[in-house]
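A, B, C and D label the chains in the order they appear, each numbered from 1.
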Amino acid sequence: MDFATVIQILDSAVRLMTPLLLACLAGLYSERSGVFDIGLEGKMLMAAFTAASVAYATGSAWLGLIAGVAGSMALSLVHGLSSITFRGNQLISGVAINFLASGLTVLLGQKIFGLGGRTPSLTGAGRFPEIQLPFAAALRDVPVIGPIYAELISGHTILVYVAFLMVPLTWWVLFRTRFGLRLRAVGENPASVDTAGVSVTRLRYAAIAICGLLCGLAGAYLATGLSAGFVKEMTAGRGFIALAALIFAKWRPWSALGATFLFGLLEAIANRYPNLDLGIVTIPSMFMNALPYILTVIILAGFVGRAIPPRAGGEPYVKER
Amino acid sequence: MDKMPKWADVILTPLISLILAMAISALVILAIGESPWEALTTMVDGALGSSYGWGFTLYYTTNFIFTGLAVMVAYHASLFNIGGEGQAAMGGLGVALVLLYLPLPHWALALPAAMVGAALFGAAWALIPAWLQAKRGSHIVITTIMFNFIAAAALNYVLVNLLRPVGSMDPASARFPPATHLPKLSEMAAGIGLDWGRNTPVNVTFFVAIAACLLVWLLIWRTRLGYEIRALGRSEPGALYAGINPVRIIVIAMLVSGGLAGLMAINNVMGESERLVLNAVEGAGFIGIAVALMGRNHPFGVFLAALLFGFLYQGGGELALWTSIPRELIVVIQALVILFTGALDNMVRMPLERIFLAMRKRGRA
Amino acid sequence: EPALIFDLGGKFDKSFNEAAFTGAQRWVEETGGSYKELEMQSEAQREQALRRLAETGANPIVMTGFAFGDVLNKVAPDYPDTKFSIIDMVVDQPNVQSVVFTEEQGSYLAGVMAAHATQTDTVGFIGGMDIPLIHKFECGFAQGFKAVKPEGRVLINYTGTTPAAWNDPVKGGELARAQKSQGADVIYAAAGGTGIGVLQTAADEGILSIGVDSNQNHLHPGQVLTSMVKRVDNAVFDAFTAGTDLAPGVTVMDLAADGVAVAIDEHNQELVTPEMQAAIDEATAAITSGEIAVHDYMTDNTCPVQ
Amino acid sequence: MTAGGDTAEGRPETAAPAAIELRGISKAFGPVQANKDIDLRVPKGSIHGIIGENGAGKSTLMSILYGFYKPDAGEILVNGQPLTIADSQSAIRAGIGMVFQHFKLVQNFTVLENVILGVEDGRLLRPSLAKARGVLKQLAAEYGLNVDPDETIEELSVGHQQRVEILKALYRQADILILDEPTGVLTPAEADHLFRILRGLKAEGKTIILITHKLREIMEITDNVSVMRRGEMVASVRTAETSAEQLAELMVGRKVLLNVAKAPARPGAPVLEVRELKMVDDEGVERLRGIGFDIRAGEILGIAGVSGNGQTQLLEILGGYPEKGSTLSGAIRLNGRDLPLSGGGCNAAERRRQGIGHIPEDRQVEGLIMDFTAWENVAFGYHHAPEYNRGWLMDNAAIRDDAEGKMERFDVRPRDAALAARNFSGGNQQKIVVAREIERNPDLLLIGQPTRGVDIGAIEFIHKRIVELRDAGKAVLLVSVELDEIMSLADRILVMFDGRIMGERLPHQATTGDLGCLMAGVDPATTAPEDAIPPAHKHVEELPGESA
């Protein structure tokens, strides 16, 4: 494997990890506040659909982005209603949201565009362009650094940079601000927050809204950044992988970066080497495609140490029984 | 003292939730420019209006009973088994292997043999997530989801490379020998001179499913194992105190759960398609979650909820077949039913409780 | 009144279901007739749908997809007066017409074109779900390519092993990029909705792509080399037109019968050089005359070229 | 009108507005009426005690005052001003601070983070943390409230965690401090330290409300005391004008014997022998550091100690379910036979078969399945017993019969075997557990905190049954944090501290001061008396009637 190939694989990994990273951070906010969310997949899907629809109708990727966020937030609100206000089962709510998104996107898409749930292909300003960072062209020929800068770092859509910036930002918010302190506290022991005179409900809704926002970005990136339009079920299980990455990362932002990078890298390698020839055996492509799932199980089996979720996670906060 | 009578909790709450889900569904139908009333009549007619419709409704019901019971048994041990899909798919593989490779002269022999195969394969597929949960604490929700994906990949590999007859386009196994075909309910009805549900897939497995309901009820509420499953599900420290081995119970509960999910293959693989096709489960594993929840984790409730979802499935199928409403509408309706009966049930329960409390206070005064 | 049944992928699958729909629409436009259509919702419904249509008097009944084969074998004898037509599968019944396509031949031509268009001597193939039918496309494509460029390279990727593999344009795009980075400059996508992503990325990256099933040249004018069209629309149109006189037996829609072809229209005319056209014509002639026998992967699950 | 009204009116403090005045407070949780039309006056600068049985509604009342629950009816006046306390924020603003019975701390936060939570200055944490660090240092100096501000809560002992809770309140500049059962988890010395702090706060003019089950503490520190029973305020009196006996009677509504009458023990052969028992938990912390003792037939061995010093682990090991991932060494012998410490033979079911009964420390988490019916719980742990089974199936009718008999004999109320355990009151829940374990006639009965949070009437009953079991020639191991209970029940007393046995005493020789020192890890026999006994202990010993 030569240097150029490594760069190309890394470049692909960056693109593939971006939706995972955004969704993973989305889950991080929600779960850190004590609300488990297996509906990331559904929210991303809904966002991808609304983003693509509006981007197509208006010809503006930015308006699409806003719509994507709105679509995802709407589902977040449903999740909030069931798991915060009505203290329902968070897992079930998540399952329902995934179903809802998978049905509604096609139903509405078919009604609006008549293409069996697909949106028409986006062109021009309906998509987020790849951004060439300054001096990318000039530096391209500098050895080592040149390709890294020009090909790996430069040349992604804005949402990729946003996703990466979200990591330090999330870390900062979580560990350096009042909001972060309270958010972490409410996921660990909501009663401590409540007795401190801060509303548990409001904090959790805020967390869930951020979760919706980030899932919205992830979905919009899928539909208007990576590809040019919506295709039904286009999230293809990425929400679940993001969830696994979140557990792998033990609910920490920098680790989330690492975990999603690992999954992105795996997929990039599987794409590049569909039949991985290890000399003695050749791993068939069917196995390579299932590899992220198998790996997730292996990781969860505790080879990275036990992941302890936020203590109040999954439990509705009940003051009066 | 409970806040409201048990019947209200068991019947009234799900019923009102269901009505709410239906009301929202009606709005969705309106939003896509169709008539909810027409949709409803099409569904009722198609699913319940004839012995033909019933034949299909009961066929789907049978599927959902198995997956619903599977979710329910695990739930009593407070395990959330989302892996019914993969376990049922693997159960299909078990059925196929038994029927293709064992010379079974008669369905009455083939049925128990296939049941063993289905249950074993389904249980085996639940074993690893169970063991990981019990021993390493990895979250069973995630592992079972992953195992669904892995099952799909594995099944694809097996069907395409191992079981597919050469020259066949179809990633499906060969047909099972005719001797192993299960009697359809319509044939049994014809046997007693009744013209009921001709050409519908519902078969003897329906009775197996009902027997499974009874057995699961016995298991959970009448046996020591069930007692231990329920105790562990309610309190792990309590279970330890009582000498119940959590690892053992988690593994057994998941094996039973996976086995039940696997048994679904008797209905769809052995009873209906009579060969193993890709994606034979068609989401029944996920619907099992809703069925168990709506059924309040009681076998009788599971039966009723499975019937409801059987109706939705068949009625919705008819809707998509004969009207211009896309089939995804069923998915939306299912989602709403799951949401309202499973996650938003307190939205109904809380006001109901208040009403019952007020009534009781007035009664006392 | 004829009827058309779509398989589980649905009417708008960007693949043969959609092609069948197009054929039916054309028949409606030309004859002013009307037809019944159904979309499958679940496996168990196949038989139900067939019987219900037969009982309502629909004739002929056309269905797309090999998955109906098994059921049709069972149902057809019960309705001897009804004519059935099944696409992509052979069913041996007196009232059934089986329509099969020689996708390997069409793909062979696509391979020939790709070989002429490539400047890097490397082309790519991206399949959807990893099933034998798609290997048939892959193998034909590789044969055509190697016939022109024996030393060239064909990169092969499959999107996945679950039905989700048909609907993952993101992964399709990423696979296309991976192939491009390995030198491929023409990529053939046989992957349903995933293919949309492949074509899109190829256009974005300035390389050529080849569409499948329906004519997809118009999606990115000037950047789709061609589309390997499978004239399912013709099959449906013919069946509808024949009506109750539909001839039973196996109809092979091959290159000679215009069942498969590489689409050349105003969107890709400029890409087709005279020598490429000549090569296409030559290969077409050789295949129709039997001089070249394109191997069908399905017959033995192997492919003579790698 | 309650007694409180009369006494309060006659008092000189009424002239000044009370720090707290509650009028007609009512609160229901669903069908449970936790507080019924409650009036309470707490004069400024006083320490006010509140006592009452388990479930009497004390915590609920205080939580209402703190804005944690909303009252259904009633009025709250702070410093004479009517005030609606909508949430804890408004309570904090009104100068009210509360230390809850179950601490409301974030376990993996540092002390500093816990202190500033909810009262941060500004959006960024850094300035708040810096400021809090300064204030804490000052408070520590002022009241002797030392805690390392950078330690995480889970690393702190319970006593220190409580300090953090008090610091939280003081940091919020509370003038009125509510403490809900603060001493349940403290050693006598720690409790004394706490009381010194409270006196210091009182001297500064702060008002303190103290909830406790321990009459001795009420007598020791409060100025006034209110008694609650079944959600109602039954009396408010000046502490100086009442006695422990009178308060106990007010609490339960009848005369209570504060001491158990029992014949001297006639110990027989050893039933349980424990030798050099060591245990290291999964995090590598040594919880038991070599424990050894014998219990003989017809003897009650009491183990005193502050919770968290290895008693829980000891009970779990003897009960057959040592903590997951722990390593054990040493030996346990029952009736001369070795019991396995690990492996297949080491589980609670096996121990029961060998004749060990176990009343666990926490009935709600271990002893009962709260969602099971009473009859299902009667079989809990014994569900394999032949009399409860018929072949493959459990014999529910037989279990139910048995349960009804037990409920009858132990006076469990309501006598409805089909009621879920969670719908019984704490005392009755405990009676179900006690009935189940005692009526099995075990050779050895392990008992953890038999009367924690149980009302005085039920305590009396449970104590009697334990003594009866002893008199029937059985061995009893009694673990309790209540010194009074240990001293009145046990025939011999061991004191545990930090996984070790600090010493052995006979009840009639021991004093609370002596035991208290052992509980704090100081052996008065080996240390000079001056250093060992904290000054406040003299005071404790002067209290009448309690420690004998």
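To be clear about the criterion, contacts are C-beta pairs under 8 Å (C-beta built on N, C-alpha and C of every residue); 3 or more make two chains touch, one makes a residue touch a chain.
Here's who's who by UniProt: A, B = ABC transporter permease; D = ABC transporter ATP-binding protein.
All of these numbers come straight from a predicted model, not from anything done at the bench.
Note: the chain lying farthest from chain D is C, by mean C-alpha position. Looking at contact counts per chain pair, the maximum sits at A-B.
Chain C and chain D have CA centres that are 76 Å apart. For the pair chain B and chain D, the distance between mean C-alpha positions equals 47 Å.
For the pair chain A and chain B, the distance between mean C-alpha positions equals 30 Å. Chain B and chain C have Cα centroids separated by 36 Å. For chain C, residues touching at least two other chains, in rising order: 10, 130, 160-161. Shown for chain D are the residues in touch with two or more other chains, namely 30.
Shown for chain B are the residues that touch two or more other chains, namely 149, 153, 156-157, 330.
An unclassified topology is adopted by the chain contact network, corresponding to no line, ring, star or complete arrangement. Chains that are in contact with each other form these pairs: A-B, A-C, A-D, B-C, B-D. Those residues of chain A lying in contact with chain C across their complex are 4-5, 8, 12, 15-16, 19, 110, 115-118, 121, 222, 226-229, 231-234, 236-237, 267-268, 271-272, 274, 285-286, 289-290. If you check the complex, the residues on chain B that touch chain D are 1-3, 218, 222-224, 227-228, 230-231, 234-235, 237-238, 240-245, 353, 357, 360. Residues 56, 59-60, 149, 152-153, 156-157, 160, 164, 166-172, 175, 199-201, 268, 272-273, 275, 277-280, 282, 313, 316-317, 320-321, 327, 330 of chain B are the ones touching chain C in the complex.
The part of chain B that touches chain A in the complex is made up of residues 28, 31-33, 80, 82, 128, 132, 136-139, 141-143, 145-147, 149-150, 153-154, 156-157, 286, 289, 293, 326, 328-336, 338-339, 342-347, 350.
On the side of chain D, the complex with chain B involves touching residues 30-32, 319-321, 347-352, 358, 360, 362, 365-372, 376, 379-381, 383-384, 389, 392-394, 396, 423.
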